[in-house]
Amino acid sequence: MSGDIIGIWIGAILTLGIFSFLYKDNPFYKFSEALFVGISAGYWFVVTFWQYFVPKFWDNLSLSFHELVANGRIDYHWIYLVGGFFGVLMLLRLVPKIGWLSRWSLAFIVGTTAGLQFTRYLESNGIRQVVGTIKPLVVGGNLGTSIGNIIIVVGTFTGLIYFFFSKEHKGAFGGAARVGVWFLMINFGAMFGYTVMSRMSLLIGRMDYLFSDWLKLIK
Amino acid sequence: MRREVPLVLTAIVGITMIIAHFLPPLNSLKDLFEDWFFIIAAFAIILGILNLILVNGNNIYRKQKGWPFGVVVILGFLIMTIIGLGFSGGKSFQDPGTPFYYLYTNVYSPLSATMFALLAFFVASASYRAFRARNIEATMLLLAAFILMIGRVPIGYWFSDWLGDALGKTADWIMDFPQTAGQRAIMIGIALGVVSSALRVILGLERTYTSGE
Amino acid sequence: MDEMANREKKTLWENLLSIDRRIIFIFIALAIALPLFFKTSLKMPVSPVVQEVYNAIESLPAGSKVLISFDFDPGSMPELQPMAESFFRHCFRKNLKVIIMGLWPQGPIQANIALDKIFRELKEEEKAVKVPRYGIDYVNLGFTAGNEVVIDRMGHDFQESYPADAKGTPLSKIPLMQGVKNYDNIDLILNLSAGYPGTQEWVQYGVDVFHVKLAAGNTAVQAPSMYPYVQTGQLTGVLGGMKGGAEYELALKRPAKAVSYMFSQAIAHVVICLFIIIGNIAFFTLRKKKTLKLEK
Amino acid sequence: MLNRIDKSIPLYFSAAVSVLIFFIFVSLAVGVEKTPDPVNESSAQIQIPPAPPTNVVAQDIPNDKGGAITISWDKSADDGGGAKNVTKYEILKSTQKDAGYKVIGNTTAGATFFSDNTAPNGVPYFYKIRALSPAGSSESLPSAPAFAKRQWFDLSRLSLFILSLIIGFAIFYFIEKAKSDKGLFIRKIAGLEAVDDAVGRATEMGRKIIFVPGIMDMDSMQTIAGITILGRVAKLAAEYEAKLEVPVCTSLVMVTAREVVKEAYLNAGRPDSYNDNMVYYVTNDQFAYAAALDGLFLRERPAAVFLQGQFYAESLLLAETANSVGAIQIAGTAMPTQLPFFVAACDYTLIGEELFAASAYLSKDPKLLGSLKGQDVGKFIFLLVILIGVVLLTLNSVLGLNLPDLKVLFQGI
């Protein structure tokens, strides 16, 4: 029980330490910041070890090792050694003379990312959004939907025109691009306004922590 | 070897990933490569940690300005790591009752949540500065933000059910139509940007990170 | 007009335009903190998307299995933790079996924090109700890396992603997991999500492929992009941010944190809007003055 | 200018024609949509045990690597109707039509299909569905035999494949073409025009440039785009002899960014000015990283801050703090949720696609600029699809016609 109380005191003091940044930079904030950096680096190191390294690498290899010892069979889990190989290449950066070998691992990562995201974005960001925009401009007897559809089609169309790089924004093309910018602005404003709610609730959460969990002023 | 292997490797892996998307027997390559990525990242984190210790250790050694905070960074890291790896029951290090869980809930979590909560203040100061009706574009930004801010909370209901409903509905309408339209244009543009960058990377046109020396 | 007064006024507006942001910070802090001390609950209708989530749980017979995926971290606690608590309250009240998992590393810890609180509450308030037992009434599978791939693999067999629970007990030895092979044996999936991977991935890889029944709680930022899925029925319902959490508490007839927070929320919004209005008045007053000067 | 537009017209035209041909081709392939069979709900008598499920159909799951069969059926009349007492369905499988059935799984009431992922390729299986209620159970007739097949090409992704080819080819074509075509027009991007000024200002003031490549790892294209921009900025910084600092969030980004910055200094002819300490790791944690950067901004008071990459909620934490110390800020991200904050708090913001165009734009390399023109062809195709699709649907709606819905083309996606 007392451990909990000490814990809340620690948490509350660190909370105030971060908030003190709003006034100005000060040793209290610097301490909280330094502790945060250290603790979080440790946190992710531990998480990486137990939740990535062990299950993805160690467990897979020990599985295939057991299979080899028990049945003399070479099973497909050995393939995770390739990942380990690239991982070790990364660590070779610590040896200046052969550090350049780490670029092989970078090349593998960058190639994978480029290939994966090529199709992923074209599909989910490109085609899905295009399909979503194909709507009839006039829907019989439903003025609201008609207006909504017209706005979506016009907004997407002109917004996309804004992004053209190889045409000068002049004349009718420039006019369309201008309308496109209006839609982008409405999008930004709306997203901003929408997010305010969520940001305020974060602060409410912290205030509640201070006033009810720590000071017990609110029951 | 130094120059060619990375370029060729990037191209081969990239093209394989694209093709694998269309050939069902190769679909699982994606999962495998992602697992490999996690393994590489897990190895690589050691580089980052060494760098962190080196930078802070250096500050302490040379007694540079603010060096005591370097001590805090290194101590924080060591405590969390030693407890997490050695004294919190291995894989179940996140279970309630472990020392790791205690540090998580009482140190990591409050720091993280408070940092996030600073946004409440910054949202206010940024909107005060940025939302001025300077021209048509800025006015649209301002109006959309204003209506959404009012419409999303039940302020209108203080006065009357009707007003609350009308404000909420206007806010929903903006989100559903003009907002969606702008968002779509951005997203489609991004799709093409990614496709083009990915292709430049695969073709070896943008290769700053794998050539040289 | 008096020269002096004119100059003074001008400086006032100018000061307002380039106000020290710390003054805004104080107002925001007060706007959030003070209302917390008043027990005011705002009039608020329970919106249909929230009611749908409530109905989805309410309609399950006792003993049904519910999978809750915790896909968020402490940063989103104020928004999602009240929802998590409400979900647990509702599930345990209905005697449902709860399986917890996480696509975010910190998710399962958040689940433990919520459970901790609920159990204490149960012990204090409703002594008659038995506290749920681990392995029989609920189980925490923990986190596993792989994002949407995890969702896909679990559709074939939970074992592919989770050979054991978070404590390392093999699933085959956990009573609750008997007869649970994949989503076919789960009656409802709940997802608490603050980003990627989250509700969108559950819809695309869980609902679209394996046709599970899914309801979600989201941060206010993310919720609007989920409404289209609710329209098409891919998602049963969604709780959006603190407001969604508050509405759910009202639906559950057990107002808790989220409801009491809504007052602060509203006041803070009013304060920001007032600042924006003041900023614009100052801006236009100054601009008018400048043009007048130019005309002279 | 006119001349250039003229030259590009045939290309836009041929792109349009190929898209149209593709539409016609796929429309024919997709064919007319089947109307679903009406569900038979007439026999609502109270029966014990429940009425059996009917119309059991087993099929290979299309477009997969094999090993799976999907089974569908019509609900028992007592599921949702009649006695309403069906609690669940069991799925039975056998290699013979009349014997040897074993339960392989179950579903809740109301379900009408099940995927069997344990069917080896090429082996025919029969399936039955058993409806269970407290009063008893009843089995359906067996399905026709089905066997799992491996498909080599995923036909549901055909339209994506063709589109990838067209856009990929367009980009490739313009990269090649740009090698000879010197006068390629690219519109001004304000945020990128300001890069020179920002670096110059940092040099004059003798203050630092801080470059933040987002908080994600190298498995994001946005991070990669951010790092290529870092390459251009580092080269400028080397030329101007400005001080550059790059705090990063993951180890892989640290390693990559070091390569890039080192290379840039080498290319600028100042390899001696480079040292590894310019790029350093802070922590993998989103908010701890933001806390460290905010402290850094206040203490160093940088003259210019670049925020280029994938950002989440920390976007405004960084931008507002950098703004408060008077730094010129050039931000860029493809995260639609964070763009509003950059737009509100930064001097310049690269919006979505502009982030990916930035490195090409800054390099002024004709080949890279050519790829931007290729992207425009992609946009043109998308605009065309939207336009045609909208016109067809509107005609249908206004005139009551029955023209094809272009959405059909992308059904599988």
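Lettered A, B, C and D in written order, each chain numbered from 1.
Quick note on the criterion: a contact is a pair of C-beta atoms (placed from the backbone, for glycine too) under 8 Å apart; a residue touches a chain by one contact, two chains touch by 3 or more.
The structure displayed is predicted, hence computed values, not measured ones.
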B-D against C-D, pair bridged by the larger set of C-beta contacts: B-D
Rounded Å distance, chain A centre to chain C centre (Cα mean): 17
Intercentroid distance (Cα basis), chain D paired with chain C, Å: 25
Cα-centroid distance, chain A relative to chain D, in whole angstrom: 14
For chain C, residues that touch 2 or more chains besides their own: 21, 25, 28-29, 32, 75-78, 143, 145, 220-221, 224, 243, 265, 268-269, 272
Residues of chain B whose C-beta touches two or more other chains: 18, 21, 34-35, 37-38, 40-41, 44-49, 52, 90-91, 104-105, 108-109, 111-113, 115-121, 123, 125, 127, 129, 131, 141-142, 145-146, 149, 152-153, 175-176, 183, 186-190, 192, 194-195, 197-199, 201, 209-210
Residues of chain A whose C-beta touches two or more other chains: 18, 21-22, 30, 32-33, 36-37, 39-41, 43-44, 47-48, 52, 56, 90, 93, 103, 106, 109-110, 112-114, 116-119, 121-122, 126, 130, 133, 153, 156-157, 160, 163, 184, 187-189, 191-192, 194-197, 200, 202-203, 205-206
Graph class of chain-chain contacts, one of line, ring, star, complete, other: complete
Chain D contact footprint on chain B (complex, rising order): 18, 21-25, 27-28, 34, 37, 40-41, 44-49, 51-52, 55, 111-112, 115-116, 118-119, 122-123, 125-127, 129-131, 141, 183, 186-190, 192-201, 203, 205-206, 208-212
Interfacial residue positions of chain B with respect to chain C in the complex: 31, 34-35, 38, 90-92, 94-96, 101, 104-105, 108-109, 112-113, 115-117, 120-121, 123-125, 127-129, 131-134, 142, 145-146, 149-150, 152-155, 157-158, 161, 175-176
Touching residues (chain side chain D, partner chain C) in the complex: 105-108, 111, 113-115, 117, 286-287, 312-313, 324, 337
Chain A - residues contacting chain B, complex: 3, 6-8, 10-12, 14-15, 18-19, 21-22, 30-50, 52-54, 56-57, 79-80, 82-84, 86-88, 90-91, 93-94, 100, 103-119, 121-122, 124-126, 129-130, 132-133, 147-148, 151-160, 162-163, 180-197, 199-200, 202-203, 205-206, 209
Complex interface listing, chain B residues touching chain A: 2, 5-7, 9-18, 20-21, 30, 32-50, 52, 66, 69-70, 72-81, 84-85, 90-91, 93, 100, 102-121, 123, 127, 131, 136-138, 140-149, 152-153, 171, 173-192, 194-195, 197-199, 201-202, 209-210, 213
